[in-house]
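Could you have a look at this structure, given as structure tokens, before my questions?
A, B, C and D label the chains in the order they appear, each numbered from 1.
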Amino acid sequence: MSATDIKGWDRQQMADRLAREFQDGWIVNLGVGIPTLCSNTDIGDRDILYHAENGVIGYGPVLPAGEEDLHLVNAGGQNVSLRPGAAIVHHADSFGIIRSGRIDVTVMGAYEVSAGGDFANWKVGRAKGGGIGGAMDLAACAKRVFIILEHTTRKGEPRLVPQCSLPVTARGVVTLVATNYGLFAPTGEGFAVIELAPGISLDAARAATGAPLMEGR
Amino acid sequence: MAQRSKQVAGFAAAVADIPDGAVIAFGGFAGPGTPYNLTKALLDQGARRLTCIGNTTGGAHQPRLPDIGMLVEAGQVAKVVCSFTAATRPTDVLPFTKYYEAGEVEAELVPQGTLAERLRAAGAGIPAFYTPAAVGTELAEGRETRVINGREYLLEYALPCDVAFIRAWRADAAGNLQFRLAQRNFCPLMAMAAKLTIVEVEEDILPAGALDPDQVHLSGIFVQRLVKVPPAPEGLWTVRRQERAK
Amino acid sequence: MAQRSKQVAGFAAAVADIPDGAVIAFGGFAGPGTPYNLTKALLDQGARRLTCIGNTTGGAHQPRLPDIGMLVEAGQVAKVVCSFTAATRPTDVLPFTKYYEAGEVEAELVPQGTLAERLRAAGAGIPAFYTPAAVGTELAEGRETRVINGREYLLEYALPCDVAFIRAWRADAAGNLQFRLAQRNFCPLMAMAAKLTIVEVEEDILPAGALDPDQVHLSGIFVQRLVKVPPAPEGLWTVRRQERAK
Amino acid sequence: MSATDIKGWDRQQMADRLAREFQDGWIVNLGVGIPTLCSNTDIGDRDILYHAENGVIGYGPVLPAGEEDLHLVNAGGQNVSLRPGAAIVHHADSFGIIRSGRIDVTVMGAYEVSAGGDFANWKVGRAKGGGIGGAMDLAACAKRVFIILEHTTRKGEPRLVPQCSLPVTARGVVTLVATNYGLFAPTGEGFAVIELAPGISLDAARAATGAPLMEGR
């Protein structure tokens, strides 16, 4: 949650909004944290295949306690279900699917996204080392990169910025960003406002964003 | 043709000859495939100056089971190679991180797909390859890149191991393995990359010929030693299964 | 989530849109896995200036079934990439060889393991890698090599394909495949390397969910079209099975 | 068969003699032609695993007509049987086993073997192209390379030579050569005679060999 009084969308709503963008036939990879909530979204008639880095292809919603299969986790370590047509591969084949450009979209969390479509999600400034996981492979190779993040830090500082201040995960790859404030698209000079969450005004969004916000997609 | 069984009597015997300085890969991803019992035996065995390869160093969840982080805490580790030296959330702190920050252990941070591919390359006799992952990031600084068909790639080297610790669901005496669902993850790749693969097996070890040759996930060519995981409390299963058993 | 079936009505429909100039990989090794029916449909379809990738160009045994050599004889092929442009015995003469000797078709001769690895690399998003095979031979003359840990290796590039023709034993509607025994060979690698994978399937195509996810040899992610092989004489099986059926 | 009157070992005897050299626990790859006959040899108590390039691991003797499984062939296209503990892998994993040095010995046919351990088996002089198959991968990576070939050409010309005249498959890798004349080992300067086939004299062998023959292993 943002430290400010403004709330906008909650975590599931942010995930739902991005999941609405998934097109029929897409292969989708969901990162740890809020992005995993996308697999809970009702996608209706669309044929969406969820791919996890650990080689679980075709998984579905997280199962309630007591119904889990302990041998089955998604990339976030959650005990998920399998959909008909699922298949298991090992890590090298799983990342072969990623690197060969077969992932239509990867949805990831981040600390920062820049107006140029760079993003940072593996290292905080003060730390030695970091947590990369599959993010760099996915960011470099998926057809699209969508990001979900809170619009500001706990201190109210913007996460949508002109240039990333943290070490980047990949450059120029982000095409859509969902925050609690709404849905945005990096344009190079700033971010296009595609949709604002209920109760979020354009002025409030501008005040909480480090780069120019432009109306319209 | 005689088929000798690769089954050994217990975890202590299976890891007894691992020397100081060994490079050891640890299978598993978020639980499934993690060789808890072999790791526990290595903690007891005490080999030092180890290089430990794994996706993470463990310790993100409670209750903890034996992991690379515990080997670090026991002073047995010189270096880790993994895709996380810190947690995905900066607010989580891994047990490993403080040893790393203090300079008591080295770390090589590798993107997860590159880690998998470097292990696979070692197992496949490919000494080096090019990958698009990490190009343009801090990890690529000062390193060799090459433009192929107009795109920039990073040169990566194979990651061979002396030993692989992995966990499987079923095995036959010839060392052929089946993994169940998400248990597969890095396990076959680490076995391919290692000179000595030691497997903890969940089910009873079957006679050679009991597994359908089309349904073997890892050929026994890559497997040297098998140990059956005994029932709890002697054998470690997974956190949640143990909790449920109470 | 709706799961649309990847099954198409027949071989002619499955190959109808393959354009002139396509790069096509043909699965199979000494019979098992060979897409005889798809190859026959391509002979009928008539696409030209093809690049054909396979272990061999076929034609070493009688009676012949549709193979790359027949596409060459029909004038449909500009180039082949394979590990045999001649038979293993110099006394055997492949149908392909005379076209090659006459300069009517180009050929790129690749060691079998390098061929498999180049296809695998294409499917795995690895643009190039190093291999010890063929170092010091005529095939390495004038090519880039690199010494890694004291040994010389040859640089090899990925081999991507527009289309893969493969044969499988069982499939589900989502395109997940099982191969039976030696049928596996190059088939999964070619499917990984191709933009469009078309599979001839021996058994009835099953509903999605009918195959155990742990027993799938090739994920449906790599498969676009499935055609059931009809019973002989309409569908081509293998030479010997056809002979036996008489 | 040699074109000369001298016969020595037949094809199966040449294969049997090399198979005697296989040590307990070895993983063995057999090439097309005479080498495949090694899998017919009774190896007693030795634990030998036969590996074929097409990913069939743990095969046994060729099956008689009518008993074959048409989905199962070795690298020579013969319908073989499987032994307990067999496993199937695809071509990339099969050659991964080869390149990573796990094949204890590969047995291949050849046109020529040189005193320095080079051999040639993929291209005849006049031909454009040739037939490599898995020979270059195997020759470069197996722990040992054994060769089986007729001692001379049909015209009586030696196949054991000081230097290969044909394009080589690999250099300096051959350690044992079985011919119809006996068992030999390249030494650099010539070939050591390990064993002569019944009825083959050292003088006869010397006369049919293009490089010096030395007695004793």
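Note that in this section a residue touches a chain if its C-beta (ideal position, glycine included) is under 8 Å from a C-beta of that chain, and two chains touch if they have at least 3 such contacts.
In this text, all values refer to a predicted model and were calculated from it rather than measured experimentally.
Annotation of chain A and chain B: jointly contacted by C, touch as defined at the top.
Between the interfaces A-C and C-D, more contacting C-beta pairs are found at C-D. The centroid of the Cα atoms in chain A and the matching centroid in chain D are 56 Å apart. Distance between chain B and chain C, defined via averaged C-alpha coordinates, is recorded as 34 Å. Averaged Cα coordinates give chain C a centre that lies 28 Å from the centre of chain D.
Across the assembly, chain B contributes 117, 120, 124-126, 131-132, 179-181, 213-214, 217 as residues in contact with two or more other chains. For chain D, the set of residues that touch two or more other chains comprises 82, 88-89, 92, 95, 98-99, 141.
In terms of which chains touch, the assembly is arranged in some other way, matching none of the line, ring, star or all-to-all patterns. Across the assembly, chains come into contact as A-B, A-C, B-C, B-D, C-D. On chain C, the positions that touch chain B within their shared complex are 117, 121, 124-132, 146, 148-149, 151, 153, 157, 178-181, 213-215, 217. Chain B makes touch with chain A in their complex at residues 29-32, 55, 61, 83-90, 97, 100-101, 107, 109-114, 116-117, 119-120, 131-139, 169, 179-189, 217, 238, 240-241. By the touch rule above, chain D contacts chain C in their complex via residues 32-33, 52-56, 68-73, 75-77, 82, 88-92, 94-95, 98-99, 109, 111, 123-124, 127-138, 140-141, 167-171.
If you check the complex, the residues on chain C that touch chain A are 1-4, 120, 122-126, 172-174, 176, 192, 207-209, 211, 213-214, 216, 219-222.
Residues of chain D touching chain B in their complex: 27, 43, 45-49, 51, 57-58, 60, 82-89, 92-93, 95-102, 141.
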